[in-house]
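Each of the next two complexes has chain A plus one other chain: chain B in the first, chain C in the second.
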Partner chain A sequence: MKQAEESTRLVVGPFNRVEGDLEVRLDVVEARVRAAFVNATLFRGIERILEGRTPMDALVIAPRICGICSVSQSHAAALALAGLMGVEPAANGRVATNLILATENLADHLTHFHLFFMPDFARPDYAAYPWHDHVVRRFAALRGTAARSILQTRALLLHIMGILAGRWPHTLAIQPGGVSRGVEAQECMRMLTVLSGVRAALEEGLFGAPLEEVAALTDVEDLERWRSTGPEGDLRLFLRIAHDLELAQSGRSYDRFLSYGAYPGGLSADDGQRLWPAGVFAQGRVGALDIATVAEDHATSYMTDRARPNAPFDGSTVPDLNNRQGYSWCKAPRLSGQPCETGALARQLMAGHPLARAMVAQGGGNVMSRVVARLVESARLVMTMEGWVRMLVPGQPWCNVADGVPDGRAIGMTEAARGALGHWVQVENGRIARYQIVAPTTWNFSPRDGAGIPGPLEHALEGAVVREGERTPLSVQHIVRSFDPCMACTVH
Partner chain B sequence: MAVLETFYDVMRRQGISRRSFVKYCSLTAAALGLGPEFVPQIAEAMETKPRTPVLWLHGLECTCCSESFIRAAHPLVKDVILSMISLDYDDTLMASAGHQAEAILDEVMEKYHGNYILAVEGNPPLNEDGMYCIIGGKPFVDQLRRVASGAKAVISWGSCASYGCVQAARPNPTQATPVHKVILDKPIIKVPGCPPIAEVMTGVITYMQTFDRLPELDRQGRPKMFYSQRIHDKCYRRPHFDAGQYVEAFDDEGARKGYCLYKVGCKGPTTYNACSTVRWNDGVSFPIQSGHGCIGCSEDGFWDKGSWYARLQDVSGFGIEASADKVGMAAAGVVGAGLAAHAAVSALTRARYKGDDV
Partner chain C sequence: MFNVIWLQSGGCGGCTMSLLCAESPDLLTTLRGAGIELLWHPSLSERTGAEALELFEDVLAGRVVLDALCMEGAVLRGPEGTGRFHTLAGTDVAMIEWVRRLCGVARHVVAVGSCAAYGGVTAAAPNILDACGLQYDGQYPGGALGAGFVARGGLPVINVAGCPTHPDWVTETLMLLARNMLDTAALDDFRRPRFYADQLVHHGCTRNEFYEYKASARHPSELGCMMEHMGCIGTQAHGDCNTRLWNGSGSCTRAGYACINCTDPEFEEPGHPFCQTPKIAGIPVGLPTDMPKAWFVALSSLAKAATPMRLAKNAVSDHQVVPPSCHPSKRR
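On to the complex of A and B.
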């Protein structure tokens, strides 16, 4: 498919420092990306493997879709089963589940920023910038001081996982009615100690400021003013880089954002209301989410059932390499027929965080606003988790047990670090008849749909600058990584 | 990439202190089941012998194995692992991307031909000529064969590489295939677990560096020092099993008292791994400590043996004569009877296990 003008094709991949395998094909015209095709190159068929099994076994198999977001997968499975069983989690169980999930989400945000995203700015290509030496010292892949210290902070943070859930990755503690283990008062104290250690480390290294100060930033001018108040912290370093490289003008997509709402029971343990609500954000407004309008289009996927978009309850996952239009294992999820971006920025938009709203009002979803939202969310999460530990009541129930999973269907919706995650489960004759998973990176890295509309990343890459001689354009790498992709989840 | 560089050089450059290095050597000696007299030998090998390059490939997988050591392990072990692999090739963490990364792989393979260790995380899917997992435009199985051809030994890191794991569960849509069924002409060390314990990886590499040979393997190809005991043998809830005290449902009275999880599906009695001794996340805990049974994730076929929430006696092939209920009833009268019954059962099970395995 040669363009009429001089068009070059670049194939970028394998993509390192993303979770899983990814390849991106670029059509480049006059030093800019004209069209991008995102290809998830790995397929395992976990949905098929789930069919025919005992429903409860989803708690063991579904999380193994991904070693990064395994808790989110486990949470979605537990919520779907709880829906089928008509079980409400015990209050303590809700809070403990949120703590386990928040620990994973926070750990993911920290990994992304320090190990996957920032090392790109330590490349020799940026040697001319005044911040370059500093970035190399802090973030050079595997050697930087920030990378080393964040690994320690993260290992400390994961003690919470150890205390509440036994081990990580592939935790088993989250059940439909709560968690498998209750904790005692002294373990609550240990968790508070761990969180205060994490807080101290982040305030020192990442933020160079109290968490409250970062969480309270109100708009773009306020952010700029805050940056100038000191040299401390890697967030300020990033803001400086973002300013010099104009990252707020890079990687804009459709500006239509989706969140299923995060942390049920996050406000009060007694009901399932979510800490940050579900919704769709477009044109400056939050709209209600109609989950029934989610459908997956297989037009350009190596899958059968391409005649029309499939609602997940009628969905299928049958590989078909004979699709001439196909270029990815990833399906194309659409909400009311439209592609949506999901992630920390979407969550903070729904939550009404003023800085997130202001950044999007000014420049939409872009490399900078995605990264800033992730870090602001990290600060908010640590603060929230401290409150959750205090909500636990040792001695009270941790799990409401119900017997058996009746036939029926239910959706389990939660938020992984990288965005909206849903499990659509149908049980017949006591066995799983259908299990469809739509993961956050499936939304973000979706291929084209039947109408030829590109997925959010594909759209975001259009217009990216390709400099002379670049085979793996830096701008493309920044944009791809700004979504914090998880390819293992994308195609499961 | 100087040829004469040692592991010690690399570790020091990564900021690991001399003190930490010595501590690592003692921890590893202990983990390998070697006496303190071996600590100097290990240290000397790490200090004087040229570093064994480790190439790390990812096939069809979920990255949980990498995560297990980057995030979860003792900080020292994590540092050491990162020093061991970082200079060579690991696509999750390395700095370079795309063609540049592939070029590094070629360079290491050529330069250290016959001397490097290949660690494989995940496995190759063979259906559709390997199209389910494409690396750099080619099926992963090709890359695996190519890199394995020049390797001294292959470490199958995790249950996917060792046995297939959940992606190979019925109906195994991609025909995910463990490494040893594709690579037939190299020594293969299996380190199963979903995910496996990080300390096992450093232990194995350090052992090979020190003694210039593979660690002793059991009949399934697992390093004996880490896989010779069942979770059940060293489980801290074991006294409750022996006394016939069981959890019947999550969060019941027994759960609160920390009773044995056998009746809610624990597979500890048939699972060979070191979780109950080494533990997870800096030694904080392991699944049984979280009140959930062991799912047996380091055993071959754990994904297709029936529900994880059904107790073992319902699983064919497990030769327990007295059911947990009977042991419990006996124990209510005479604790000693329970103990004896269990000892007999353990011996029987072990015998059968070996019998199956030839």
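On to the complex of A and C.
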């Protein structure tokens, strides 16, 4: 490497449309990012708030970690408590919980695509492209027609929360033994009505085609055909943008994907088998998940306990701004010492979705494959939810009774829209003695670990193009947002 | 136009997520119709990084008028008064400093959510963040701006408290401000807009018949009143949740869980498990607002003795097992 190379440092922030506060420091050499440092600039300390409380209070506090992954946080807490109590949810409770989770997951995907990700292509920088006028009309921030229509669809979708969970965010409806509200047949009809409205809106605007056709996409050639001759809709528009801007060649990371598995009881209400399984996907193969190998490294975090990576059951959250190597409030989670990418793409890889597998076989995890996976998952979710509503049996129990949380420890593992979420809970003398949360964006936006290995986003940003005069490089923005980050969860 | 800048600090972002649930019409149409311009919102605007900071500088220099600063999330004073638990990305300046600067030029300051208003869950014990509200520290006036703060428009910080806030609470507050229709008399003792805070969650609760006869639920999913055993304080909580409703048809009590009084300062520290009612000699410690204790005890014991079988059975069931009986209408 030449010594004479001139390195420029860019500090990008406040980074908006990322759910929380984010700063990215870039070392730029010859118009490309050579190194990136991702800094979560806000500390929350919710784990410390949970310590000392009565265990069931976790159901009130945990969702308030994050207003966008609120129900996922609830679910992780309820699963951990259920593990301690030795209780299984009632069959209806499982299905209702999955409907609540899927509603949040789908709402998050729609919010991300329409309000967070697409508006960047309406910037004047892209005025020369043939799709630009269309994108401006449809997706310009706060003005585009898609912003308004998706807010209507999203609000309609969240009526399912009004029925099953009382409100969103921050519901107490998800309990260790099921849900706090049973519904009757007529309410099931209302949920089907809501879903038919959501289906119609997505088929008209987002896809321009039946959801089934989106879910049935199998290979990269299918996407290519959709781009060139497919139905008019935002999916096709995105594929044209992705083609012109080479988004499939942008933002590749380690291609090691982690999922804790989504929707327990998603196949049959009578057991806890997950609709989409847990595991690690790397080098084209599915591997088993050994949750005991998860550890958080604090080497570059503003935290104490930096001597070695901490397994969550031994973990701590003690802020320390005196860490000279520190640059983020985010910890660095590792699985068997390795960073992992998590999210919809990881879930669909584990679910064996052929398109997800084909995209990753061709170009790994990148801006385009992450976004396409989210859209395919959205189509699949609506279809799945319609089936779940029909699985509910009014008149049958909704919540199994279990009193008291005994001492012990348990892990609650679920999937938020943006990936693997785990709560490690230890109860002593009837109180929460330790509560450690490892959130999806903590995985994706991890800082460097003790060995100097960058986190997945940091790695994905290496090589990103910085055009002349750019202070907030667009390529960097696309890559960052392709992960659908949630900084509130990250720094819990 | 009525210009708004929205900032987020020590919080979960849930009030923004809730705001996006506004409907009939959607949020953007509502704001447009009311002449409200979101100059910058961290989740919604195009401007990122340097572009956003330029806007803040324009506002501070008076080149752009700021009609309302909305703040979501608690203000973090720690560690040791530096505020460095949150520096605004890209600036290396503590958020508390940005908040103080922008509050100094804003015509109105609106605390969105219980964190921004009073500290909320972010300020829960042990509060290592030294978090507080904009103008309250829990139930005590003070907070980040001080008890004496008055915005340029003449009002103190307006506390749209709630965890989260209902979307309409926020949009209606901004609309009233934009039309100069909100004055100090329109705020309650904790400076919440009275249009929603002068109601009790109890009003419109679908469990009211169970409440009347003290027919109580004991476990999640049961239909009875949740005041006696399950920690519900809807009879004391300020909010129009059961008449306005959430996400179409919802509310906490309608979904079978306790109202935890999330619009109140210090709701995060109830002094007992959230979903268990503290009692002395079998009588709940917290009584319905404005109700004399002796009367409550007397009426409750009378009501309990008179509980119809229908309510007693339904209260502990997860669906209605005994319907109201049908009587032929009487001829008069």
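The working rule: the second predicted complex is superposed on the first by the 486 of 492 C-alpha atoms of A that agree within 3 Å, B and C clash if a C-alpha of one lies under 4 Å from a C-alpha of the other, contacts with A are read in each partner's own complex, and residues count from 1 in each chain.
Quick note on the criterion: contacts are C-beta pairs under 8 Å (C-beta built on N, C-alpha and C of every residue); 3 or more make two chains touch, one makes a residue touch a chain.
Only a predicted model underlies this, so the values are computations on that prediction, with no experimental measurement involved.
Asks: Should the superposition on chain A be reported as showing a clash between chain B and chain C, or a fit?
Replies: clash
Asks: Is A:L106 contacted by the first partner chain B, the second partner chain C, both or neither?
Replies: Touch status of A:L106: no partner.
Asks: Touch check for A:D57: first (chain B), second (chain C), both, or neither?
Replies: Once the two structures are laid over each other on A, A:D57 reaches both partners.
Asks: Just checking: does A:P394 make contact with chain B only, chain C only, both, or neither of them? Give me first, second, both or neither.
Replies: After superposition on chain A, A:P394 lies in contact with chain C alone.
Asks: Touching A:V367, do we find chain B (first), chain C (second), both, or neither?
Replies: Neither partner.
Asks: Using the touch definition from the top, say if A:E184 reaches chain B (first), chain C (second), both or neither.
Replies: A:E184: touches chain C, not chain B.
Asks: Considering only touches as defined above, state whether A:L22 meets chain B (first), chain C (second), both or neither.
Replies: second
Asks: Regarding the shared-chain residue A:A356, is it in contact with chain B (first), chain C (second), both, or neither?
Replies: In the superposition, A:A356 contacts neither chain B nor chain C.
Asks: What residues on chain A does chain C touch that chain B touches too?
Replies: 11-17, 19-21, 23, 41-46, 48-49, 52, 54, 56-57, 59-61, 64-68, 70, 111, 115, 119, 122, 140-143, 148, 151-152, 154-155, 158-159, 161-173, 175, 177-182, 319, 321, 397-399, 401, 471-472, 477, 488
Asks: Across the complex, what residues on chain A touch chain B?
Replies: Those in contact with chain B are residues 11-17, 19-21, 23, 41-46, 48-49, 52-54, 56-57, 59-61, 64-68, 70, 90, 107, 111, 115, 119, 122, 140-143, 148, 151-152, 154-155, 158-159, 161-173, 175, 177-182, 319, 321, 329, 397-401, 471-472, 477, 488.
Asks: Which residues of chain A touch chain C in the complex?
Replies: Touching chain C: residues 11-17, 19-23, 39, 41-46, 48-49, 52, 54, 56-57, 59-61, 64-68, 70, 111, 115-116, 119-120, 122-123, 140-143, 147-148, 151-152, 154-156, 158-159, 161-173, 175, 177-182, 184, 319, 321, 394-395, 397-399, 401, 471-472, 477, 488 of chain A.
Asks: Hey, which residues of chain C end up touching chain A in the complex?
Replies: 8-18, 20-23, 25-29, 38, 40-53, 76, 79, 84-91, 95, 121-122, 124-126, 128-129, 163-164, 219-221, 245-258, 260, 262, 273-275, 318-319
Asks: Taking the complex as given, what residues does chain B use to touch chain A?
Replies: The contact residues of chain B facing chain A are 14-15, 58, 60-68, 70-73, 75, 78-79, 82, 86, 91-102, 125, 128, 131-137, 165-167, 169-174, 176, 194-195, 249-252, 255-256, 275, 279-282, 284-292, 295, 297, 303, 307-309.
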